[in-house]
Every structure is written in structure tokens, then in C-alpha cells.
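Below, chain A partners chain B and then partners chain C, in two separate complexes.
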Partner chain A sequence: MKRLSLFTKCLIIFIGCWVFLRFIVGNVISVPIPGSVIAMYMGLIIVAILVHISVEDTRFREFLRPIHETLVDNNRRVRRRVIAVLIPLFLLGYTYSIIAQRTNPPGNPRDAHPSPPLEITYKDEVIGATQEVENPFRHYEKDDPEAFRAHVENGKRVYYDNCFYCHGDDLDGQGHFAPHIQPLPANFQDPGIIPNFQESFLFWRISKGGPGLPAAGTPWDSAMPIWENYLTKDEIWDVILFLSDYTGYQPRTFGEGH
Partner chain B sequence: MKAGLGLRDSVPKKKLYLILGLVLLSYALLAIAPAFAQDMSEAEYRPFPKIGSRNAAWIAAQLHLLFGSFILGVPMFAVIIEFIGWKTKDARYDRMAQEFIKLCMGAFSTTALLGGVLVFILIWCYPKVMSKLSGIFGPTMIFYVALFFGETFTLYLYSYGWDKMQGRHKGWHLFLGVLLNVFGTAIMFVSNSWLTYQTSPGTQYGKLSEGTRQSWLEQKLAQNPEMSRAEAMEGITDATVIPLHNETTGEFLATVWEAVNNFTWMPVNIHRLIGNIAFGGSIVAAYAAFRFLVAKTKEDKAHYDWMGYTGNFIALCGLIPLPFAGYWLGREIYMFNNTMGINMMGSLFSWLFIIQAVMIGVLFIGANYYLWSGMGRIEGAQIYARYRPYMIAIIVICVAIWMTPRTLSKISTSSELSAMGGANHPHLGLFGLMTAKNTAVNIIILTTFVSFLFYRRSGKAPTTSWKKVGNIAISSIFFFAVVSIVVIGIVGFTVPTDLRVNVLTPYQVMIALAVMVAVTIIDIFMYRKATMSGTIKWGEMTDRSQYVLILLAITFTSLMGLMGYARSGLREAWHIFGVMQDTSPDAFTPLLSEAVNIVAIIMVMFFALVGFIFWLGLWGEKKKEAAAPAAADVATEDD
Partner chain C sequence: MIRIQQILPNTKITHLILFLAIIPVLQFADAQNVPQASEEGKRVYEKSCAHCHGTEGRGDGSAAENLLPKPRDFTRGLYKIRSTEAGELPTDQDLLDIITKGMPGSSMPGWETALSANERREVVAYIKTFHDGFKEQESPPRQISLAGKIAYSEESVEIGKGLYTELGCIECHGNIGRGDGTSAPTLTDEWGFQTWPANLAQSWNFRGGSDTEDIFKRFIGGLAGSPMPAFEGDSFLNFGLTSAESKRLTELENRDEMTAAEEEESGQYYEKMDAAVNIALNIAEGTELSAEEQQTYTEAMKVVYEKSWHLANYVKSLAPEKRPEPAIGNNVLRSQYVTDALPAKTDAAWDTLESSHFPLVAQVIIEPRQFNPTIDSVNVKSFYNDTEVAFLFTWDDRTHTTAEEDEETGNILEDALAIQFPVKIPQGPTAPKPYFLWGGRLPVYLWQWKASAPDQVTELTAKGINNAEAQAVQSDIQAEGSYTNGQYTLWVKRALKTDDKKDLQLEPGVFVPIAFSAWDGANGDINTKRVISSWYAFVLEPVPSSKRFIYPPLVALLSVGLLLGLRGFVQRRNS
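Right after this comes the complex of A and B.
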């Protein structure tokens, strides 16, 4: 059996990686990966292949040999003509895919996380600097576990009375209303949500809702109501305790610096 | 004979006067800046024609910083190389160190000139800001000028005294080199205090003087007359960040030292110090690559190949700890102000950090590529080639993790978002969290270290009786280190952030550093009496590897420019965060695309200037070479 050339091997690796990301990861292991992320990974795979083949001169020449043969060897005339047709066709298809009218709406270009204000307020009352405001009931976790449980229970009541329609039974952002909201409600079970933010940030997000989002990083298009119009300050703090208690994730706290 | 010497000496003397004149002119401007700024204080802003004030200040500051980094970074390793040459009595090291310093000389006056341009732009376009800053930092600005004079004269003594201070004076010459670095580092620390104060005008309570504590307490009580002293001090610990100014009037309440020793000063100092070493090394390596590519003789190719290798090695030494220093700086920004931290990593500047990951990926892949290419010129290095595909795969997978964004809403269509069930991919989204990225970075660093280890071992055969045990020990250390780093990374998803940031991540870093130290020690002893199985054929490198060195320098430069945009942009619409608001027409954060364009322009300008300085050096060399035979002829006639 004829040995595969280095060029062919590299081509197989490249196509294999694409199939793996697009179909195996996207359909079997997990959910589909956005095309832009696949493109980014494929770019890296090209770099890896180029590094591997070009470190040594002999390997580089071996890689280039079939390309050189295709371009100049008379015995490769058919291959040359096929490629001469395929490249413009590929470019044509690619150009069409970029400029063609799309029927699906564009994604949401909002920022990952909104920047919190420097001060946390409830209605017009200033609670304190975002950096310093703490949940007034958090200390019960150590000082008075019974009182802490009572606040968590109250938070649970508030959550299931108000929040679960969008954020879901299991706090995973899969509530009844969720499929009809874009952007989707936050998934509190995600390890990147609660642990990344201080409780003051969560208080700000709940109390001010979508309309209270900052001017920068728009469009937010958040459907979150302004909960300070419906909930008391203590109810908001309680629901924050419930979120971390239920998911097991602790909101961000800070050490002492350098 | 005299005629010959006169011809040779006249060139450096003229150059010396020219450089001195430029330096004095530029820094005289800096010295008068406080007074000048006060005179101009009636106007708040003045527009800079055509490109606007912010862009003008941005370009001048970034160019000044790039040249500054170069002239601070290069002398650091020039002294080390000179010391190695002195101890090993290998004249090649001495020649290379001298060549590095020659490169510095041209860049030195350009740095000073750009500093002068920057001061002009700042006091013309931002008189009020300069007035405020010079009012606080006035004494440090005078100190800065004194340090600069110290550095200037030390550099000239160090450079022009090189040939005369050989032999028994070499120790003194090295002392001058060390002194030069002390001056350079001090200069950088002083100027860092000004810009870090703009970002973080606060210090921890424990670091404040008694007088400042009292001023702060009094202004707090004045703001809340019903508050008692005990209530005002409630929750205040030594670690609490205290603003250095009256929060209502903006009046400065602290001492100059407290303003200097502000919250992010030391993290920026350390980050820049290490960054300068890496940057200086990469620019020297790029210079060597250029000289290699145009070299006509085998000797020149060998010399510049070796120089490129040394420059890249030094850049790597700086690059390896750089992510750790950057992480510390990022952590301190979060500590100073949570909003600023979220802006940096999760909001306004988050996509910049994806670009940063791509560029650091390029740096690590490029550095490894160069090492692997270099092994091609060492006989007996082929035995390590079989590990290369696995190392490439590890590095590329880790870079992929590092550059995977957490939130994909900006780069996905609505149908892709629906398919993912939100803006985060349920599995790949985990790569977007810092615990995954830190794990990936540590593994990239260890893999790069393995490449270097292979390079070091190439062409050598250990003769120690315990070589097998040593290799097993080294392999085990690597294996357990990688397993530990990965396990810590996985645990990091489940623990509170405070624990991850303050305990787990430092553990990962310490494991990586400890592995490098332990393995280096074992390896040194194992290969102490190694026999040479092959020689290094200096000069027999591929041209591709030299282009990689140039790419590394370009990447470093772009990276510094882009991260400078982040550091400065984090203040948002504040000249001094929380104290002095930016009310100019430029009081908005430029788009990332705009920032990339400006940084690209700065990069082109920087390389054009550096290219011109290097060309001047080459031109001088050619003139000298042409003059040498003529001088020899004159000398012969005189004799």
C-alpha cells in the first residue's frame, strides 16, 4: 500500500479536527459550538500543523513536495486543473455565504457582564460603596445558623413567588418563560455566575433589573423587572442567600490585598 | 598614528554631545513642567490639531514607554552577560554585551526626546491635570530629573569606558553597569507612581501615616456630623483601602510617599520590570535576526545566531514569570475596586483579554518553535524530536483553552445562542473561567520549560552513575506537578472565589516554579561532567526561525500597547479615578477596533524609529570599517 504523503496526513488531521469539533463535540458530546469558535480553533490547528512541518528543513520540503509537483509536474495535469476549478468555486461559495441575505436575526452584541455602579442604592437610599456593601444576614451563617436558615427559607419563598418563572425550578435559567426571552435568564447553576460577583453586585442586579443596566455595553435587552418596586431590601438579601445556599456557590469575597 | 586615532574618536564625541544636548533639553522641559503647568492652569483643556489630544498623548506616551522599556531592559542582561564573560574569560560574551549597550545608546536619546514631547503635549493639552499631578508629585519630579542625570552619565561612562575599563578595572565597570540598572529601575518606579496614582488613588489603612489617618477621619466626620469616631472606624482594618483625598472636594490629604505607594504601584512595578526584561530580550533577538538574515560571512551568521539565541533566552526568562506578575496585578485591581475589576475581565475590556491570550499564545508557540529549530543545529538533538508533536499538541490545546471566551453572545448568531441554551457554552464555557485559564497557562509554561531542557541537553551525554534515577525523578516531578495543577484547576470550579484567588492559584504557580527550580538543579548536577556527543553549529539556522524572532518582537510590542490601553482605559471617564473627572470631548472609552488601529500605528512608528537607529549603528560601523584601512595607511606613513 502506498504511504500517505505528509501533506495528505496534515490534510486528514485538519479535516478530522473539524469533524470532531463540528459533529462529535457539537452533536454527540455536547451542544453545537458557534462557528466563530470553531474557526478560532481551526486557526490554531493550522498553526500547530505549520509548526510541526516547518521546524525541520527536510520535513518542510517533504510537505511542500506534492504542492510543487502539482504546480509543475506534467503528470499532474489533471489534478492541477481540478484544483484550478475548485479554488475559485470554494471562494465563490465562501463569498456567497458571507454576503447572502440571512433569515436568522443577529446575535446579541451586549457585554459579558455589566459594570456595576460605584454605589449601591435601594430606591433612592444609598446603601454604600459597591466594594464594601455586604449582605447584612450573611454573618448569621456562623453566628446564628437558625436565623440564617430562616432567612434562606424566606429567600426560597421570594424566589418561587417571583423568580422561578424565568430562572427555573432548579435555578438553571430554564423557567417557563425562558424560551421566549432573549437574552436568556441567568443560569445560577453555572460556576461562572455567582462565584464571580460580590453580593452587592447581585443586590444591584436584582433591585434595578434590566432598566437599571448601565449605558455602556448596550444593547442589553434584559427582561428583568425592577425588583426594588416589588420587594423589600431584606427580601432581596434573603433571595441572594437562597441562591448561594441552593447552588452551593459562594458569592465573591476579597482577601486583604498585597 | 595620531591622525588615525583622531578620526576614530571624533565620531563618538560628536555623538556624545548630540545625545547629551537632546537629553538635557528634553529633561529641562520635565523639570519646569510643574511651574509651566501652574501658569497654564486657567484653561482646562486645549485641543491638539488634527488627531486630538488623547491620541497625541497616547502615541507619545506609548512610544516613550516602548523605548523606555528597551533601554531599561537591555542593560539588565548586558551586565549579566558581561559578568558571565568576565568569569568565564570568554570574550564573545563581552563583545555581545557591548553590542547590546551600543544599541541602547541610540535608543536612549530617542527615549528622552519622546519624554520631552509627551511632557509638551500633556502640559499644553491637559494643563489642569498636570497642575493637579505636579501639585502632588512635584518633589518626585525633581527626584526623577536627578535620577535621569545619574542614569545618563552612568550610561555614558559604562558605554564609552568599555574598552578602557578592561582587565583589572573590569570589576569597576561591572559596578557601573549595576549602578546604571539601579538608576533605570528607580526612574521607572518613580514614573509608575504617577500613572498608578491616576488609576488607584488610595492606600491601605495600615500603610497610612498618623496625620493622614486623622485627616481622613476628620473629613469623614465632617461629611456625617451625627457619626461618632467609633462608628466612623467601624469595619476599618489595616487592609481597608482609604482614599488619599477629600471625597467631596478632591483635596489631597496625604503625603507624597503615600501617593507614590498607592494601591497598584508595586504590582505595576514588578510587572513592568519583568516585562522590560522580556521586551528588551525580544528586541535584541529581532535585531540579531535581522543581522543574521543580511549577514554575508559565516562568522557573522554564527555571531548573530548566538546573539539571537541569547536575546530569545532572556526574553523567555522574562516571559515565563510574566503571566504570574500579570495575574497578581489583575487581582490587586479587583481588590482596589471591584467595578474596575469587572470592567477589566468581564465587561468593557474582556475581549481585549481574548486578544491578549491569542498574542501570548503566539509568544509561547514562537518561543518554542525557535528552540525546536535551534535543536536542528545541534548534533545528537534528534532524539528529542519524537516528543515534539505531543508538546505542540499540549501547547495548542492549552492556548485554545486560554483564548476561549466565557461569553459567546458577541460572536454567535441567535440560532447558535439558542442551541447553546444561552450566552455560555455548557462545556466550553468552563474554559472561559480563570481557574481553567490559569491551569492552561501553568502547563504551557512547564511545556516551554521542557523544550528548554531538551535544548540544554542536546548534544550532551551525562556521565553520572545516577542518570537513570535522575531522569525517572525528573519525569515523576513533571507528572505529579501536571496532575496537581490540573486537579487544583478542577477543584477551583467548586470553591469560593476568595479561596481560589488567594490560595489555589498561588499553589499552582508555586508548583510550576518549584518544578522549574528542582528540575534545573537536578539537571545541572546530572550534566555537570557530561561528554559532548555533538557540537552546536552556530549560524546553521533556518531563515524561518529568524522571522519568528522578529514576529516575537512585534507581538511583544503590540501586546504592550494593547495592555497599556486597558490599564489606562480602566479609569474610564476619570483623569484620577474617583477624584478628577475627565470632562474633555475625549471622555469616552475608545472602541477596541479604534484602540487596535492606534496601537498598530504606534507599533509601525516604533519599528521605523528602531530600524532607523539600528541603521545608523550599521552606517557608523561601515564608516569605521572603511576608515580603518585608511587610518592604517596613514599610520604606516607616519611610522
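Right after this comes the complex of A and C.
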């Protein structure tokens, strides 16, 4: 078999990288890489190829040889004609597709877990600093398991009277109203939620709901209700115990760093 | 060719065949021999079901209070979704299936992922303990045979359509099935709770699934406990007659006068019907049948089954195969450009557009809340020209309520729709929008339509769900609303630009957030009690630019030029 020319090799590397970024990586991490990011990588790859071929004079000439041949050699006539048709055709189609493309609405960038305020409040009553407030019933878990069960049971009642519509019977965010709410209700079975937050954070999210979020959390989109309007402080603490008891996830405690 | 014996030694093949033959048997055994109610079943029930169905299975868990339909009361042994004939209990497999899949259109969830197959089987055994009928059962319940299935065809749909009227489905389900029959608002179930007839155009909300077989089984078996009648032999129209005889009898009955011969003929039909009904009654009482009786009954049932298949095909024809994709994400409400005048409400031009589907959800955020919505979704189409934009909204509502007094509260209830936009279009994806529930700090601009004034839309500005006001200056908005066959149609037209700063100003190509609220007066909807949507997007789809015919050829030509130039350059250097 004939050895591949330097030009062909570079071309293969270039196309290979594009296919890898565009189709393979996107599938593995299951979100397609944005076009601008791919363009940036491809730019880098072109620079790398240019550096590689221009290090030595001979290499540069070897790289140019096939281009040169295609452009002028008499026995490359067929190839020349094919290329002279394909390149303009490709550009024609490509520019048309860009110009005729439908515009899509701007995406909804949203920080799903923005930082809580410094202080936790219930209605107007200050409960304490976010970094210090603990669930007043958590200690029963060790001290008085029976009292703890009673609080979890009450939390369960609160949950199924109020939250399952959106967050689901199995706490998986798939309540019967959930599919048509944007953004989707939180899925507490997701290990990225309860174990990542202190109970004070959950208290803040539950008591103040969507409208209590800072701007980064797009408070105008969230359907999460303001539960301090419906539930007592103790009920909110109880429902937090239930969330962690049902899913088996422990909220983060204050000792652990982020 | 390789023979199978060459790959496997003989004994293994026998095992394989035996094994394959046993699988169905095992599955059958699996379905019928559910283990006796165990501690495990009780544990699962108390963890996952009791808060709705109640610790004692009476359907009175603490969450039941706000739910309609109510969680099933298991003590009565009445089950809607069965593969068994009318009056029979469900099979274990029926219960297992419904627990696995859940009941669409109600709060009964599917447990496929949350509970293991074994846990689901255990809980089936446990819920059976709430009703003694299961223990006293002597023989397995009679199953509905699906053997004579009649395939879907235009013809069958046509026959089904005739039966739909003949059998009185219209009284509950309405002329074309949107659940708007005259008796619709009056129905209650066995427990006295209000029940709405299914909207047959929204088969995604059928409790027992929307396959033709599912629908067929509901007719034959009925939905026990609900007012929806079963085709129990004896209650079926002209039970015992063939289709031809049944037709002839109706014909005779519709005559003003009958001749003596005709009297006799119709008398014979009645005798035949009486005989068949008597046999059906005997069966219900468990009396043994003679071979002849059995034969008569089988023939009578054959007609019922046939008609049910036609009817099932007709019901199937009323709804799309699947719920339309909601206009979430990139699926935007796109208004199409026309150069001439915008189409009027009944113009055929609207049929050329596909509607965008916007599912609506119950408003459970601000008190008073609505936990049991009756309006499923709103479908929208839109056209615009250089100066105006027109919309066509359609949504299903089983009742036409225009200003009716609620007996309990004295409130004046009526059907309504509101379309919501921000007053100022957010610039850029991170710019704040108004709160999706009628605004807050940032105001929203609304079009409010009410069934009592169907040809009028009022402009509102709102800064919160309880903080809306009609604008002092009303722009010129044309509207026309109507109600037919369980569906509202509302046509609205407004100028793209108005002089009022509180109004939304529209421009082609600019994405505008849009959201909806709808009220069903007959469901007690008023003020905050309603169904709502999140923010979606609306755009006046820009006219495809004529540049698309100019630039691409230019670019192509340019590239040809460049290639030629390059070649010339290289040639010159070579020489």
C-alpha cells in the first residue's frame, strides 16, 4: 500500500478530531458540545497542524505537494474537476442552511442551587445564621428514636398532603403535575440534592419557594410554592426529616466543607 | 447448513424445549398464585399506599382530602380496570398491571420503578385482604375474550359511530366525545363523589390505557363504581338479537302504526330478547345452563362483542395516537406571516397551520388552590401581517358555563381564558422575566376573555395573581368566541404596535414569553382557582429573508474564482 501523504494524514486528523468532538464526546457525556466550543478546539487543531508542518522546510514542501499536484498536474485532471465542483457546492449549501435557519428562543440558563441568604427566616422571624441553624428535631435520631419516628411520620403526612403533586410519590420529581412544569420539580432521589445541602438550606428553599430565589435561580420561572404561607416551622423541619429518611440520604452537616 | 443438533447435544435440546414450554406456565402460575398476604405486603402498603388509600383500605388516607377522583376504597371490591366481565372481581394480574402502570389522568401513580416486582405482588395480595369477596371466590373470574377482534378500518369506525349514538354514549360523552354530554355535570360515582365522563379526544387521560383492546375491555367489563355503564348482557340494547334483527326492530318501532303481521314480528323479537336476558340473569345467579341455553347466550354475546369492537375502533378514531408534544423548549408558538388581511375566525386558512399544544397544570401555589383540574390543555395557532397579529385558541371544556351562581359560596362562576405576556420583553436570556403566575415585581400584560362576553377581550395589567387591573385605556382588540361540542374557540386580533406603554409591542423575530390561565366554572374555578402554564415562547416568525437566494450563489462563485486564481498563481510560479 502506498504511504499516506502528509497532507492526507493532516486531513484525517482534522476530520477525525471534529467527528470525535461533535458526535462521540457529546454522546458519552450525553449533552452535545456547543458549536462555539467545537469551533475553538478546531481552531487550536489547525494551529497545531500548521506548527507541525512548518517546523521543517522539507515537511512544509511535502505538505504542499499534493495540493500543488492537484492544482496543476495534467494527470490529476479528474480530481481537480471533482474538487472544483464539490467545494462551491458545499459552500452553497452551507451558506443557505445558515441563512435560512429558523431562529430559536434564547435558552434558560439557571443556577438550580444558588447560595442561600446569610440568615434563615420564617415569615419575618429570624431563626439564625444559615451556617449555624440546625434541624431542632434531628438530635432525636440518637436521643429518642421513638420521638424521631413520630416526627418523620408527621413529615410524611405533610409531604403527601402538599408536595407529592409535583415532587412525586416516590420523591423522584415525577408527581402527576410535574411533566408540564418548567423547570421540573426537584428529584430528591438524585444524590446531587439532599447530600449536598445543609438542612438550613432546605428550610430556606421550602419556606421561601421559587419567589424567594435570588436572580441567578430565575425565581420568575419556579413553580415551587412559598410554604411558610401554609406550614408551621415544625412541619417544615419534619418534612425535611422525611425527605432524608425516605431517600436514605443524609443532609450535609456543618463540619463538612463544600 | 448447520443443524441445531450439531451445536447442542441432544439432551440439552430437550431441556431447552422443556424450558421454553414451561415459561408461559410459570408466568401463569406467577400471576394467579400470588402469595398469601404477608408482613412484606403490609409494610409496602403502609409505606407507599396508606396515605392515599387509608390504613384500613377505605380510601381515606390524609392525602385523599384534596383528590378527585378519590383513591379507591378497597373494601367494596369495585375495580374500574379489569380484564374480567361485568360484575366480576379483577384478576391478580389486573391489579398488578394497574399498580405497575398507574392511572393516567388521576393521582394514582405507576409503581414500576419505585417498587420491585416482588413488592408489587405482595401488595396485591395485601389489598385483596380488605374485601372478603376475594376469599369467598369459588371459581376464577370470567375473563373477557379478545379472540374476535375486528381490525381498525374506516368501515368499522362508521359502524361504531352509529352505535355511539344508538347506545346513548352521547348523553354523557357528547356528540363527538369531548365529555360534554347533557348528563355530564350530574354524574357521581358509587361513593357519591362527582365524576366527569372521559374526554374521548384526550385518550392519554384514559385510566385503563388507550389501546383498542383496553377500550374494548372497558365496554364489556364496565368501570365498576363509576356511572359509565358496562355492556352487561341484559342491559345491552336489544340483547339477544342479531344486528339485522335489531335494526329491523328499531325500524318497526319507529312506525306510527304496525300491521298485524308486523306486530307479530316485533313480538317475536321481544320474546327472543326476553329469553336471552333470562339466561344472562341465570348466569349472574350462578345457575347451570343447558347446552341450548349456552348456545343462545353465546350467540347473543357474539353480537355484543362485535359491536364493542366497532365502538372501540370509533373511540380510537377520536383521539390522536399520542398526546401532542408540548411546546416546551424549541417548540415555540410561531406566528406565520401573510401579506394580505388576516384570516377571520372560521376561515379555512387556519386549517393549514399545525397547532402548538400547551398543557395546563393545576394552580396549587397560591390559596385558594385547584387540585383537580378539568381543563387539560390549550392549542394555539397564529398569523400576522405587516400591521396586525391574529390568534386562534381552542380548548376543551365539558361544560358551557356563563355566569352561574355557585350554591355553596354564592360566587358567580364562569368559563374564561387569559393570555399572558410580559409588559417589557426581557432583553437577553438572563434578563429577569415577570413571575410566571401573573407577575410580581415586574408587571405582566394580559388578555382576559370570559364566556359571558364571548366577543370581547379586556386588557389587564397585573403585578401578582391577586393584583390585576383592567387597563384604563383599552386598545382596539377584536375578539370572537364560541362553544361547540365541548370545545371553546377564541379568535383574537390586535395591532402589532399600540400607543399604550402598558401594552406589549410586537416585532418580527423577537421571542416573547407567553403563558396561559384557564377557568372551568363548572369545576368551581374562580380567581386563583384555575389551571395555568409556565412561560413558553411566542415569536412572529420572520419572513424568510430573500438574502438566502443571493448570498449562497455569491459565496460559491467566489470560491470558484479563488480556486482558479490559486491555480493560475501556481502555474505562473512553476513556469
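Here are some notes:
Simple rule for what comes next: the second predicted complex is superposed on the first by the 142 of 258 C-alpha atoms of A that agree within 3 Å, B and C clash if a C-alpha of one lies under 4 Å from a C-alpha of the other, contacts with A are read in each partner's own complex, and residues count from 1 in each chain.
Going forward, a residue touches a chain if its C-beta (ideal position, glycine included) is under 8 Å from a C-beta of that chain, and two chains touch if they have at least 3 such contacts.
This one's a predicted model, so the numbers in the text were calculated from it and none came from an experiment.
When the shared chain is aligned, chain B comes close enough to touch A:250, but chain C does not.
Shared-chain residue A:165: touches chain C; no touch with chain B. With both structures placed on the common chain, the touch criterion links A:95 to chain C but leaves chain B unconnected. Considering which of chain B and chain C touches more of chain A, the answer is B. By the touch criterion defined above, A:28 reaches neither chain B nor chain C. Once chain A of one complex is fitted onto chain A of the other, the partner contacts of A:104 extend to both chain B and chain C. After overlaying the two complexes on the shared chain, residue contacts for A:71 are found with chain C alone; chain B is out of touch. Residue contacts after overlaying the shared chain place A:176 against chain C, while chain B stays out of touching range. In the superposition on chain A, the residues of chain A contacted by chain B and by chain C overlap at 102, 104-109, 174, 182. Remark: chain B residues 204, 235, 237-239, 241, 263, 266-267, 328, 332, 334-339, 342-343, 346-348, 350, 361, 365, 368-369, 372-373, 376, 385, 388-389, 392-393, 396, 399-400, 403-417, 419-430, 432-433, 493-494, 496-498, 500-502, 542, 544, 578, 589 touch chain A in the complex. Listing the residues of chain A that touch chain B in their complex gives 25, 29-37, 40-41, 44-45, 47-48, 51-52, 54-57, 102, 104-118, 130-132, 173-174, 182-184, 187, 190-192, 195-198, 200-201, 216-217, 248-258. Those residues of chain C lying in contact with chain A across their complex are 48, 51-52, 61-63, 65-66, 106-107, 109, 111, 113-114, 326, 328, 330, 332, 359-362, 364-367, 371, 428-430, 432-436, 440, 442, 509, 511, 533-535, 537, 539, 541-542, 544-545, 547-548, 551-553, 555-557, 559-560, 563, 566-567, 570-571, 574. Considering their complex, residues 68, 71-72, 83-84, 87-89, 91-93, 95-96, 99-100, 102-109, 156-157, 160-161, 164-166, 168-170, 172, 174, 176-177, 179-182, 209-211, 215, 218-221, 223, 225-226, 229-230 of chain A touch chain C.
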